[in-house]
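Common to both upcoming complexes is chain A, partnered first by chain B, then by chain C.
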Partner chain A sequence: MPSVDVVVVGSGLAGLATAVRFAEDGARVAVVAAGSATLSWAGGPLDVAAVPPDGTPREGVANLAARPGHPYAILADDIDAAVAWFGVTMANGGLPYEGDLDRPLRPLPTALGATRPAAIVPAAMADAMEPWRPGEGLVVMGIQGDKDLWPAAVAAGLRQAFAAVPGTGPASITAVTVALPDLAGRRNRSALDMARRFDDPRQRAAILGRLGRALDGGPGGERRIALPAALGLADHAAALAAAREALGGPVFELPMVPPSIPGLRVQAVLRRRLLALGGRILLGEAVARVELDAGRVARVILPAAARETTIQAPALVLATGGLTGGGLVAPASGGLRETVLGLPVEAPPEADWLASRADAPGGHPIALAGIRTDAQLRPVAPLGSTVRRRLPSGVRIVGSLLAGQRFVDERCGDGVALASAWRAAA
Partner chain B sequence: MTTTTDVLVIGGGATGAGVLRDLARRGLRGLLVDRGDPGSGTSGRYHGLLHSGARYVVSDPLAARECAAENEVLRRIAPRTIEDSGGWYVQGPGDPDAYAAGFAAACAAAGVPCEERPVVELLAREPRLHPGLLRAFRVRDAALEPWELIEANLADAVAHGAAVRRYARVTAMERAGRRILSVTLADERSGSIERIVPRLVVSAAGAWAGRVAALAGVRLRILPGKGTMLVFAERLSDAVINRCHPPGDGDLIVPIHTVSILGTTDVQVTDPDDTAVERAEVAALLSEGERLFPALRERRVLRAYAGVRPLYEPPADDGDGPGATAPPGGRMIRRSHVVIDHAAHDDVDDFVSIVGGKLTTCRLMAEETVDVVMRKLGTSARCTTAAEVLPGQEPRHNHWLGARLAAHEAAGGGDAGLICECELVTRPDLDAFLDERWPCSLDDVRRGTRLGMGPCQGGFCTFRAAGVIAEREARRGASLDGVADLASASAASFLDERLKGVRAVAWGRQLQELLLVEGLYRGVLGSTRPAVDVGASLDDSVAPRVAHAVG
Partner chain C sequence: MTLSEPVALSAEACLKCNVCNTVCPVLRVTDRFPGPKYVGPQAQRFRLAAQAAPQMGRRRHIASPDLTVDWCSGCGFCTAACPADVKIAEINSRARAVLREVERTGPLGWRHRIRDRLLGETDLVGRLGVRLAPLANLLLQARLSRWAVQLVLGIHRQAALPAFARRTFAATWRSGHGALPVDPSQPGLPGPDRAVVYFHGCAANYYEPHVAAAAVAVLERNGFQVIVPPQVCCGLPLISNGRYAVARGRARRNVATLAAFARAGYAIVGTSTSCTHTLKAEYREMLDVDDADARAVAEATWDINEFLVHLHDEGRLDTAFGPRAGSLPYHAPCQLRSHGIGLPALDLFALVPGLAAEDMDHDCCGIAGTYGLKEEKYQVALDVGAPLFERLGARGATEVACDSETCRWHIQAATGARLRHPVEILAEAYAAVPAASPPGGT
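Now for the complex of A and B:
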C-alpha cells in the first residue's frame, strides 16, 4: 500500500502550490485530481485583490481582510511571502512574472475587447501595463481562422473601453488579421494548436515573418502589438523573445477563453517542480472515500476500474475548489454538498443564491459558499451554525473551497490560493 | 411616410405568417408587422410539438380532429421543419384506468390515428421510461421547429408580393366611426414612424391581441396562460412521450434537435410579457415528469423558459361564440381558435382578430381568417395553402446534428470553421444568414441558425458571432462603434439572459457552468455592462437573448 505524508486533492493553483510547498519541505506528497482543474481557464494575471479596482493588490488585501469571514482575515499576513514564493517559482521555471503587491492595478486588454484590472502579470503581458504615452498606438493582430480572437471586434471594444476614461488609452487602436498560407482552409484552430506552432522554431519564424510583413503596411510610429495568448507553451520564453524581435517593439498577449495558454504555462511549471521534488500526480482520479483512524485521516481510497487503490496518509488537503471547481455540488434536491468528506458547508439561504443580474454589485451571494476554517485552515462548523459534530482531524482546506470570498468580483482567487497553500504547508 | 396596403397583419407568429402567405396566394397585398423578430413571442416559446391531436380527443374532439388533419398537411407542405419522431401516450402506475380504457376509442371517434402496442415494445425503444408503464399507444406526434416554419411562410408570402416589417411596433390606430383610417408603426430600431393605410386590419397578435384590439377601441378579453418548460441537455427519448390522462402539468416530453423539452404548466397571468419562471413551477414539472422518466432529476437541465398561451374568453353573453359553453379556467378553455369579425360584435368594420388556437393548426387558422377577409373585401379566391409546398423544403436529415457539417464537407468545404460547436453552426452558415438579414440582433441569429442553443448555451459562440460581425463590418469600411456596442451589450445581456433561464434550475452541472462562464466573462475577460445603455444608441435588437433553448 503506497504511503505518503500528505494527499492533496485538486490540481488547480491552490492544490499544486500546496503540494510543491510540502515537497519543498521534504514531505512525500501525492496530488489526486479528477481533472486538470481551472488553471486551463486562468487568463494569466495573478489575481490577489482588486478592491477597489484602481488601488493596489496590497490595499485590496487589507480591505478584504477587514471583512469578517473573508479568507484574508486569517491569511493576510502570509500574502507577501506567498506571492514572493510564486514569483521565484515561476521565474525559476522559465515563466517570470512582473509587478508586485504595491503596483497599482491597471486596465489590461483582453480578447473580449474589454479591459480588466491587473497588477501582477506574466512577462508576456507586461508590455500592456505601462501607461500609454501620447501618440502611442496599439495594433491588435490576429490570425485568420482563429475563432477566439477577432481583431476588429477587439479593437472596436478597446476603443470604447479606453474612451470611458479619456487620456488613459492608446492614441489609436487598429486591427490586423493575417492569413497563414500553410493553414489556408483550416479554420478550427484553438489557442493550444497555435501555441504548439509557436513552440516550433521553424513554424514560429514563418508565422512571425508573416505578422511582421502585415505590420509594415500598417501605421508607423510608436506602437505596441497585442497578440492572442498563444506564444508557445513548452518554449514560451523563446517564442516571446522572437515575437518582440520580429515585430520590433513591445508585444503583449491578450487573455483568451479556454484553453487558456497562460494558465496552462503556470500549471506546467508547478507540475514540473512537483515531479522534480519527488511528488506524485494522479489525474483522472476522484476520491472514492477517506478512512479515518480515531477521527484522524488515515487512508485515501481511489476508485479504479479493476480494484480500489489505497494511499496511506495522515494528512489531507482539500483544494477541490468551490462550486465552480467542483469541490461543492448543488444536488437537485437542494442544499450544497462538499464532495470529498461531506464537510458542513457555509452558504447563504438557498433563495438568495443568485443575484437578479449577472453584473449585480458583489456578484452572486452563492460565491461566498465554502468551508469555514480556523487560522490553521482546519475545517470548523459554519458561522452561525449550532450543529456541533466532530469533524475529522488531519484535514486542511485551501483555495476557492474556503468560505467567505467572492473570487470573481474581488479578484482574490489566486492570492487566497497561494496564501492558503503557504499556510497549510507551514 | 405613408404606405398603403390591402391588409395589415399584426403579429409575426405562426398564425400571422400563415395569414400573410394565404393572403398573398389569394392575390391580396399584405403587410405583416411584428414588434420584434417573427417568432419571438409565443410561437418561439412553445414546446416544439406537432400535435397528433390525441391530447384533445377526450376534452375537445373538434380540436383533436383539426390537429390530426393539420398534422398531415404540415408534414406535406413543410417537411423540413418537422422531425418525424413519432409519439406515444403511456399510462403509468398512477394514471386512471378509465382514461386509458377509452383512449383508443376516443381517438378513433376524433379521426386521430392511434394504435395500442405492447409496453415491452415501447420500453425496448425508450429504455429511460418508467418500467412500470401499463399501456402504450402510438400516435403521429412529431417535433416541429417553429422559426423555420414561420420564415418559410414569410418567404412564400414575400415571393407572392407581400411585405414584412420586423421590429415594427403598432403604436396607434386612427379610427373614424366604424372605419380604421390608418395605423401608426414605430420602428423599434431607428425610432422612425410610418403610417399604414390598409383596407383591412388582421390582428394575429396572440396573447397580445387584447392590447392590439384596445388600440382600435375594441374590448377583446384574452387570458394569458403562462406555460413553463424545462430544457434538458440531451434527448431523453427518441419519440414524443405523453401521459395518457386528462391533460395536466409536466406530462409531455418532446425531443427536438439535441435537447428535450418537458412541458408544461398553466398559470394564468395578467401580463402577456410575464415569462418569469418560478422555482415552484420547476419543482412541479420535475415531480410530474418523474412519473414518465424516473431518473429525470439526475439529468442536466439547461434552462427553464415560459411562453404565454393566447386563450380567448368570449363575452359572457355571446351565446353563439365557439367555446362559449366551456367552463372558465386555463386548460379547460377550448384550444380551438376563433375568427372574430369586429364588424359584427364591436362596430368596427375593417378589423378582424384571430385568437386562440395552437401552432399545429396555424395554417387552418390562417385559412379561416383569410376566408373572412375575402368575404369582407368582396373578392373570392380558393385557398391553396394546404396543397402548395412551402419554399426551401428540399429533403434533408434536418434534425441530425451532423447534417450541416456533412453538407458542408460534401460540398468540398473542408474545415468549416465551427462558430458554435454545440449546434455545429459554421462560418458559412453564419455568413449566409448575415448576408440576408444584417443589421439584426444576435437573438435573430440564434433563431435563424440555432447558434447558442446547445449545451453551452452561447458561452463561446456569442462573442465569436460578434467577432464575425465586426470583421464583416470592418471589411466594408463601416464604423465599428455600433459593433463594439453590439459586442459588449451581447456579452452583458447574454449573461443576464442565461441567468434568467438558469435561476429556477440552479443546481448541479448547470449551476456550475453558469458560475464558470460568468467567471470567464467577468473575471478573465473583463466583461462589464456598457456605461451607456445601448438601448438608447442602437436599440433593443442588439440586446440579444441568446440563451433560450427552442423557446
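Now for the complex of A and C:
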C-alpha cells in the first residue's frame, strides 16, 4: 500500500475520531481494525463523566482529573475543545447533539425500563432531558414482536425508577404496543429492521400513521412519547422530524441493546467524514506486527490474504480498546498483554482480579488496567514499575486503552476517547 | 467432507453482539434471511453437536437447523466486521455446501440443483458459448429464450449474462505467441525479473478479452513480458455453489501448473479480483489444498492493481499517464476487500492527471458471483445494489470502474452505464502518451 502519515489501529469512537482529526489537518490516514463493533454497542448519549451522579459533566471531569493516574489528569484541558468538535462534526453530518458540559446530568429512560444519567444526547433524545412538568405524562410506544423493547415492562420499570427519587419523573407512564402487519413475518426482528423501514418515506408514513392512531385511543393531555431508538439510520433527520409531526409533540428515542442504531449513526458520520477527507479504512485486518527503524515506528504489517500488506507510516495510534475492545487480552499463561506492540500493561495485582465483584462500589479493579502514557499520550512504563525498557517512539495511545479509568462506573469512556483523540492529533 | 477446525470452531468466540447483522447486505433487504449471526455462529452449535452424534447417520452432516443459510451471498462483510474473529462467511459457505450434498427437497429441488451445477462449470459454459458465440449471444438477448432458460433452469430472465467473445483470449494469445508454456524452464522464456505470469480467469478468457489485452498492454508498458500458462477456472463458482470436491480438482490443476512459476520467482498477476483471492486464500482456507505448492502459488499471486501499486511503491511504475478529464465513480467489490490490500485502483487513479475517481462507498452491488443470477435471488441482488445504482444515476454516470467482472455486468445492466476494469482506464491513459522506453527493458 502507499505510505501514509499515520496508521490508527481500531475503529471505535476513539479510533475514528483520531483519524478524522489527523485527516482534517491534512494528514494521510489509514484506519486498520480487526473488526468494527464498539460503536454498534453505544447507546447514543455522550458519556463524559457521571461522578457525582447529580453534577455536571464538567464537575465530573474535574473530580476524575483530581484522581492521580486517571486519563483526565492529563486530558482535562482538552475536553471542552474535543466535545465542541464532536458536536460540530455530528451536526455537519446531519446528526446534531444537544447539551453541553455544564448541563446537569438527568435521568434518561432506556429500553431496559431503567434510567441512566445523561447530559449530552443526540437530538432524538433531547425531549427526554427537560424536567418533567407537573401533570405531564409519558407514553412508551413499542412494536409488537420486538424482542428488545417491551413497552409494558419498560413502563413498569420506569415507574419504579422514577419513584425512587420522588418528584423527578412523569406524572403517569403508560404503555402502548402497536402491531405492524409488514413486520409480522419478520424473524428475529431488531431495531435495525425498524430503522431501515423508517428510512423509507413510504413505510415511515405508514408506520407513523399506525402509531398515531394507536395514540389517539390513549391518554390525552400533556405527554411525551418514547419510541425505540430506531427512527431511521441513513435518513434519521427526516424520520425524526416526521415522527414529531405525526405524533404531535415531544418524542424521544429510548436507548436500546445492541445493535444500537444511535451508535451506528455516529459511526456512519465519522466514517463518511474520514473517507471524504481521503482517509482509508481496512476492516477485518488485525496488525500482524509493527517494524521499527532505530526505535521508531516505520512499517505496520497486516496479515492480508496470502502475502503480508505493508503500510509505511512514521506514526501509529493505538485505539484498540481495553479488555472489552480487544486491545488487552489475558492469556492463560497469566498477566495482561497489549495486542499490537506488546507494551507493558499497568494492572492491579493478579491476586485482586478475582477478589471483587464486577458490580462492587467503585467498580472491578481490572477496569483500571491499561497503558500508562505521558501528557502527549506516548506510552511509558506502568506506574510503580521498576522495569525500564525502551519503548518504541512514534506511538500514541487513545481511548479505553489508557490506564487508570473505570469507564463503566465513571461513564467517562466517550469523553476520554474524544479528548485523547484531540490530544493525539494536536 | 472435512471441516477445517479453525473455521468451524471460531463460532465459539461469538459474543452475540450483532455487528455482523448490521453490515449484512442481504439482511438489509429481505425478510427471508435471518442474518449472519443466526445462520452462522448460532446455528453452528447444532452442526457441531450433530457431527459429534454418530447415531444421526447421514443427517450427521445436517447443514443447518433450517435452510436459510442458502440466502447468504458470501460477501464476507460479517467476517470483516466481527470483533471476535469468527469466520462467519466461511462457516456459512461450508454449511451451504453440506446443504447441497444432503438436502433433496425444499428450495433446492432438482431444477435448482442442476442450475447450480451449471453455474459452477464456467469453463464448460465458456467453451461451448464461445464456439457458438453468434447463436448463443442471440439467444441470451432474446426474451423468449431467456424465459425458457428461467423455466428450465431457474436463471432469472433479466439477470445480466455477459456476451461470449468470438474467440477466447487464450486462443488469440496462442496464435500470436505459440503454445502456452507449462514450465518455467522452457527455453526462450524471459526471467522473472522481466516477465510475469498472467492468470486471466474465465471472464477475460471467454467474455472480456479486451480486459486481458489492457492488462497485457499495461504490464508491457512497465517492462514486463507476459507469460500465459494453461489454466482452468479458479474454482470459485464451484465453491459458491457448494461443489467443494470438484473445486478441489480445479485447484490442484492450477496449482500443479502455477507452482513451478511461483517457485521460479514469477509474480502471478490476475485481472479478476475474485480469482486472485481464490488462489491466495480459498484454496487453503476453504478447500484444504494447503501444501507447499499451494502456499507458493498463494504468496506469488497479485491482483493486478495491487501489483501495479507495489511497483509504484518501489519506484518502478511508469507514471507517464496521459491526462483524462472528468470524474469516474468507482465501486470496490466485496472480494477485493477480502484481499486486505486497501483500494489499489484508487491509488492508481490518483496518478492519472485530471482524473477524479470517486469511491461510491457502497457495501455490495448485490450480484455476489452467481448468486444474483438465480431466479429466487435476483430481486435481492437488485435491492442490495439499489443505493449504488441510485447514486450512480444521480451523478449521471456514463462510465464506472470496478475490479470484478460479475459486479460490472450487474451494475451495467442495472444502470446502463459503461463498466470498466480499472486496468482498461490505465491502458487508455498510457496509450495517450508514447512509452519512454521500449517494452521489455527495465
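Everything below uses one rule, namely that the second predicted complex is superposed on the first by the 418 of 426 C-alpha atoms of A that agree within 3 Å, B and C clash if a C-alpha of one lies under 4 Å from a C-alpha of the other, contacts with A are read in each partner's own complex, and residues count from 1 in each chain.
Quick note on the criterion: a contact is a pair of C-beta atoms (placed from the backbone, for glycine too) under 8 Å apart; a residue touches a chain by one contact, two chains touch by 3 or more.
Just so it is clear, the structure is predicted and the values come from calculations on it, not from any experiment.
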item: First (chain B), second (chain C), both or neither touched by A:326; value: both
item: Residue contacts on chain A - larger count, chain B or chain C; value: B
item: First (chain B), second (chain C), both or neither touched by A:72; value: neither
item: Touching partner for A:408 - first (chain B), second (chain C), both, neither; value: first
item: First (chain B), second (chain C), both or neither touched by A:177; value: first
item: Touched partner set for A:282, first chain B, second chain C, both or neither; value: second
item: First (chain B), second (chain C), both or neither touched by A:42; value: first
item: Which superposed partner A:145 touches (first chain B, second chain C, both, neither); value: first
item: Partner chain(s) touched by A:198 [first = chain B, second = chain C, both, neither]; value: neither
item: First, second, both or neither for A:86, with chain B first and chain C second; value: neither
item: Overlap of chain C and chain B interfaces on chain A (superposed complexes); value: 38, 41, 185-188, 258, 326
item: List of chain A residues in touch with chain B within their complex; value: 38, 41-43, 47, 108, 110-117, 145, 147-157, 159-160, 164, 175, 177, 185-188, 255, 257-258, 260, 323-324, 326, 329-334, 353-355, 357-359, 363-364, 366-367, 407-409, 411, 413
item: Chain A-touching residues of chain B, taken from the complex the two chains share; value: 286, 297-298, 414-419, 427, 460, 463-464, 466-471, 473-474, 480-481, 483-485, 487-488, 491-492, 495-496, 498-499, 502-503, 506-508, 511-512, 515-516, 518-531
item: Residues of chain A touching chain C in the complex; value: 1-3, 30, 34-38, 40-41, 185-188, 190, 192, 196, 258-259, 264, 272, 275, 280, 282-286, 302-307, 309, 312, 325-326
item: Chain A-touching residues of chain C, taken from the complex the two chains share; value: 17-19, 21-23, 27-28, 31, 34-35, 38, 76, 79-85, 277, 279-281, 298-299, 301, 309, 312-313, 337-344, 347, 359, 361
